[in-house]
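Pasting the structures here.
After this come two complexes, each holding chain A, first together with chain B and then together with chain C.
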Partner chain A sequence: MRLKVNGHEAEVQEGTLLLEITDPPHLCYHPHAETRGLCRLCLVEVDGRLLPACTTQAQEGMEVRTDTEDLRILRRTLLEWLALTTDLSQAPSLLELLKAHQGRPQRWGSVSLSRREREPIRDNPFFLRDYAKCVNCRRCVDACGDGIMGVYALTLEGKGLMAHPTTPLDRPLPETPCVFCGNCVQVCPTGALRPLSMEV
Partner chain B sequence: MRTTCPYCGVGCQVEPEIQGGRILRVLAPDIPPNHGALCVKGRFGLDFPFSGKRLLYPMVREDRRQAFRRVSWDEALDYTASKLLAVLKRRGPEALAVFPSAKTTNEEVYLTQKLARALLFTNHVDHCSRLCHSSSTVALSRSLGGASMTNPIEDIWKTDLFLVVGSNTTETHPVIAAMIKKRVRQGAQMIVVDPRYTGMAEAATLWLRIRPGTDLFLLNAMARYILEEGLWDQGYVEERTEGFAEWQASLLPYTLEEAERITSVEKEKIALAARLYATTERAGAYWAMGVTQHTKGTATAQALVNLALLTGNVGKEGAGLNPLRGQNNVQGAGDMGALPDVLPGYLKVSDQAARKRFEALWGVELNPEPGLRMTEVFERIPEVEAIYLIGEDPVTSEPHQDHLKAKLEALPFLVVQDILENETTPFAHVVLPAASFLEKDGTFTNTDRRVQRIRKLLDPPGEARPDWWIVQELGKRLAQALGRPWTLYPGPEAIWEEVRRAIPEIMGGVTYRRLESEGVRWPCPQEDHPGEAVLFRERFNTPSGKARFFPVHFTPPAETPSEEYPFTLSTGRVLFHWHGGTLSRNSQLKEAYPELKVEVNPKDAQKLGIGDGEVIQVVSRRGRIRARAWVTDRTPEGVVYAPFHFAEAPANRLTLDALDPFSRIPEYKVAAVRLEKLD
Partner chain C sequence: MEKPSLLPLLDARLPLSEEKVAEATRLAGVPLAQAWGVVRYYPRYRGLPQGRLLVDDPVARARGFARLLEEADGTHPPLGLEALSPIHVRVEGEKRYVEWEGRLIPFKEFRLPFALGHGNRLLPPEPILELAQYEALGGLVFLRRALKNLLAPEAILRAVEEAGLLGRGGAAFPAHIKMRAVARGEPPRYLVVNADESEPGNFKDRFLLEHHPFLVLEGTLLAALAIGASRVFLYVRDELEAAMLGLEKAIAELQEAGLLPVPTEVFRSGGLYICGEETALLESMEGKRAEPRLKPPFPVEKGLWGRPTLVQNVETLANLPLILREGPGTWREKEPKLFSITGDVARPGLYELPLGTSLEDALRKAEGEPEALKAVLLGGAAGVFTRDFAFPLRYKGRLPLGAGAIVAFGKEVDLWEVLLGLAEFFREESCGKCFPCPLGTAVQVEMVRRRERNRDLVHHLGQALKGSLCGLGQSAYWAYQSLLEVEGAA
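Right after this comes the complex of A and B.
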């Protein structure tokens, strides 16, 4: 099928995700975690509507724009919001994106509710859960659950800005069905989950 | 840099990041077979090469009463060669045995069995598969003419029904288990046959909780029911198999009623399982030690083979017969000829044409008599006077430990070549320190026949050397003394080139260059061949091209519960550890599972007044061990489950050395025990 991307004709196979053709910035999408459409960073303009590229399949005759001024402003705001509320010190690719979008988080002042104050949780011999660095992308939850393992030791708790992944009822990991495969650690894009062996 | 995980047979691709003499983290690349997924062992258990228990220099002692003496490599190798030559001269090749390791590379196994056969003229060559899938190997070889998974791992995504028998897959092959469970979430069905409520049982759509050691009866009853109901694949059976009539007649006693009595599974469930397996278009059988480690292990594996043939499930996508292999390179060890009856490529030692091929290649005459199997070699001590043992800890892994220790005490000469001290090292005369998987190049072949690279990321510690180097140097000395040819190779790739020349029909197309990007599956005869995914699509690898049914009959276990020993002990593995524990217990994993826990059913615990976490003794006719009781209904009433990884509380002190008559595998899964409170 044929569609237009940023004014250029493109020919793709049916079922192809817009993300695979256009490669906009993205955060929550991971091919094996099956998480889709949460972070909104990969929003693109399709026939005048904003749609997440990671959940939208290419269709005949679509006109897709990935780099309009509006999209840049939107992405910049989203990235600033993440930087404002979350410790991105171990997420170099997000920091680079922020820079590329001329993000200035401080222009929003400070927020009263921040995840930055969360203490790292050290409850098992293998890895750390440092949710001050978590952007709620859900990759870990989905890698643990339907995406890869089918173990369901992680879930999302809390509401709004205070929502974050953790274990059901916030139990220590060894008291959950966790099998310590570390697939959550591998898919975590911000270093919120990281092996203890990386701590000096 | 990318390499292959050294634990189970899944062969996950890993990228360990090493800094300052330790592993920082382990990531997995998005390529087959694991596509980025790992289990706890691959993710967090790869640090054993940094253990303080590494063997760092060669050691020798003339007598077990002496302490080991540190010596140079030259002295250790000269001494080993002279001792082996002396035994060869005095007692002949029958008094020597060589055990290559399924943990070492294909190149190393190939070279080791070549040393045994071409220089020492002995076929007493075997490896740990004797203790794990030898039963499957016998059944698959005689029926289909090939001993491996018939289908690739990625066929899981095309399978609509899984028949999982005696495999605790979520703990022993976790990455494959995750794939199967995901496929079940997508709508496939899964029948699990297991006495224990394993992770697989939990994910099953139909769980058959059989009495331990009765799988064979169940499988035969399923076959009989499928025949009675006319659910079998008549066209397939006529066209592609032989021996059907005789086998069909043998099923007479296996009625559903009788099966219910023997297995304790309701007959309706057995019938349902049979119906599902026979009528689902793509039904794949997966199994492991619960099938094989019995005195009727071969017969049970055969019953599965028969069932798959009856329903036309061999030779097509998404189906097949799939034994899950336990060690990183156990498939490769068999492929490379680490077996007493076959040369590399499963060519029979007793076949003159096969011998001729290797005699021409190696420039020597070969012994035409198949050798002894590992379990038999230990029995034959002290007529067997010298054993060259690589990467294996029989004191932990062989059954009836006290008996084996007495045998090893009586062995005049033992060479142990390993990376870490283990329970067998104290019985050695010579200790040769080997390089770990992080410290050498080579290839492993995983459970679905995929040949994959391992890569040198580090230098070996101390004076440790790669196994191929040690074997080659020892071979050089033996060859010199015997006046036989022995090629010296600059490295693993050159050895692999000899393997390609030796068995071009399966390995001819597998080159190191091709393996650079990802593994290649055998058989792969030419470089432009993609590697065979599904075996036996057109014909079986037997002389007639047809698969053969073999009648098999149920026999009770060698030891059944009695008044004095009222429980059935079943041994096995846990997620956090691996086999004898030598690797996993010298890694970060030990923290997560530090000591033996024995599973006891709550009803039994209540009767005996045993509390959860209480330290108890498990006692068999052969010995006793101390262990913490884990009171759980994962294990059924009347059964006690003990993982065997723990040298200080070895489950194999309790097991018996009753062997399967065909595969000579010990009956690890059934022994009679009693539980004693400490006071």
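Right after this comes the complex of A and C.
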């Protein structure tokens, strides 16, 4: 089938995800997890509508734009807000993106709600749960549950900006169904979950 | 497949302990992780704020909010009591009361004063809480016809289509398109009545449920027959305890009279603004955190438990008996819409007005004077400030009607304080599933607090929020942007 991407004709197979043929930044999408459509960084304009490239399949005659002024503003702003509220020091690729978008988080002033003050949780011998660095993409929750493992040792606590992963009954990980497979650590994009072997 | 829903299992065990959560989890057949996510999400499982609480609605914000707050232990989200605002509620454990006329009235006994209603087609001349009373006033004719196979499902669908009925919950989507899509789906099919009215400034559904339950139920059952639904759920806002009891009594009366063709039950909502978003609503019914789903698939294809589901607003359904009685043509000539008009008007209340009525005429009905107003908040928190008093109140116009809330603000009102209330409301009610909404609504509160008027910054805030997953985030900046426009025009 044929569609137009940024004005150029393209020929692709039916069912192809727009994310496979375009290159917007993305954060929550992971090929091994079912999280998608959450971070909204990969939004593209399809026939004038904003749709996530990670959830939208190519269709005959579609007109897709990935680099409009509005999309650049949206991505820049989202990245700035993440940097404003979250410790991205272990997420070099996000910091690079922020730089590439000429992001200036400080133009928004300060925000009283912040994830930065959260204390790291050391409740197991293998990895750290450092939610000051968590953007709540839910990849870890999905990998632990429906996505990969099906052990359901992780869930979410709270709502809004301060929502973050936790364990059932807020128990230390060794007291949950966790099997320490490490999948959650593997899929974490911001270093909120990281092996203790990396800590000096 | 359908499992016992977690929320009613938890509700039956309040106040919760770890053992009780574990028991509800076993009965629901879900992982403890899912149940814990639910317990740590909904306010009544986390623990309701206690004491004397000021209802933090746009009217209270215009009445010296800081001073009012000094006499309260905290705040409660808007409750459809704007016509009586400022008003307090009291929460003691699981028991909740409205402070009204010097008395504490339990939620399960408190109904909006009937005198607040002004209308004749959708609103009854007196509260109608008995079946015989409803029938004496001309009700049930079409439900009886449908039950005797004298009114075919297709005839109901055609009447709704010819009337051009648009959804009254705020999105104004053509009702017949959703109904036909569900009717085409494979059974079992469900009907869910969205009675989770939570948009600040609105109390139309609350009034209908509390004073006219049989009209709502007749419309609901006609829709259920039209789409071939095998079950009906009324998803009622958690705080509307009197409405829930009234509906349960009315359902029992209909059943006894042999007038309940489809099993119908009341479902207590999760108690959050986001629960009114149709897919979040379905998630909560399935025992999960009320978070919006990615669409497509839409509920008409995959709704409750993955089945084709019609989710329809209370007022939309209440119009069905009317459309059939008057005939779609006549109904359409003077399309009735309920407007909740409050704030700086002499007679705040619920007004049934024909669509197309000008904002000025609507305000004058409530004995408000446009010349004495600084602005009007139209549509609620997901609405706009405006001074366009000539604006004809109809759907798909320049301004959003939302569900029909009109809050008037006099010249002395500090609109930034009202806006701050809306901004804080959005921040508190954001579910946190996507990124733009929780981040943007938190940033917005700070911007409004410092009265940020930088056009670029406000524009960028809007551009990012527009990318949110659902309508909550997508509309969260409208009021802010519109206030700057109103200021610029003044």
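As a convention for this text, the second predicted complex is superposed on the first by the 200 of 200 C-alpha atoms of A that agree within 3 Å, B and C clash if a C-alpha of one lies under 4 Å from a C-alpha of the other, contacts with A are read in each partner's own complex, and residues count from 1 in each chain.
Everything that follows uses one rule, which is that a contact is a pair of C-beta atoms (placed from the backbone, for glycine too) under 8 Å apart; a residue touches a chain by one contact, two chains touch by 3 or more.
Source: prediction; values computed, not measured.
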| item | value |
| --- | --- |
| Touched partner set for A:113, first chain B, second chain C, both or neither | second |
| Partner chain in contact with A:169 - chain B first, chain C second, else both or neither | second |
| If touched residues of chain A are counted for chain B and for chain C, the larger one | C |
| Contacts of A:124 with chain B and chain C, given as first, second, both or neither | first |
| Partner chain in contact with A:35 - chain B first, chain C second, else both or neither | neither |
| Contacts of A:66 with chain B and chain C, given as first, second, both or neither | neither |
| Partner chain in contact with A:149 - chain B first, chain C second, else both or neither | first |
| Residues of chain B touching chain A in the complex | 22-28, 30, 35-40, 43-44, 47, 170, 174, 178, 181-182, 185, 203, 575-576, 588, 591-592 |
| Touching residues on chain A, where the partner in the complex is chain C | 27-28, 36-41, 43, 50, 52, 55, 70, 73-74, 76-78, 81-82, 84-85, 107-113, 135-136, 144-145, 152-163, 166-170 |
| Chain A to chain B touching residues, read off their complex | 31-32, 124-127, 146, 148-150, 174, 179-183, 185-186, 194-195, 197-198 |
| Touch list for chain C against partner chain A, complex | 18, 21, 31-37, 40-41, 272, 289, 294, 427-436, 438-443, 445-447, 450, 452, 457, 459-461, 463-464, 466-469 |
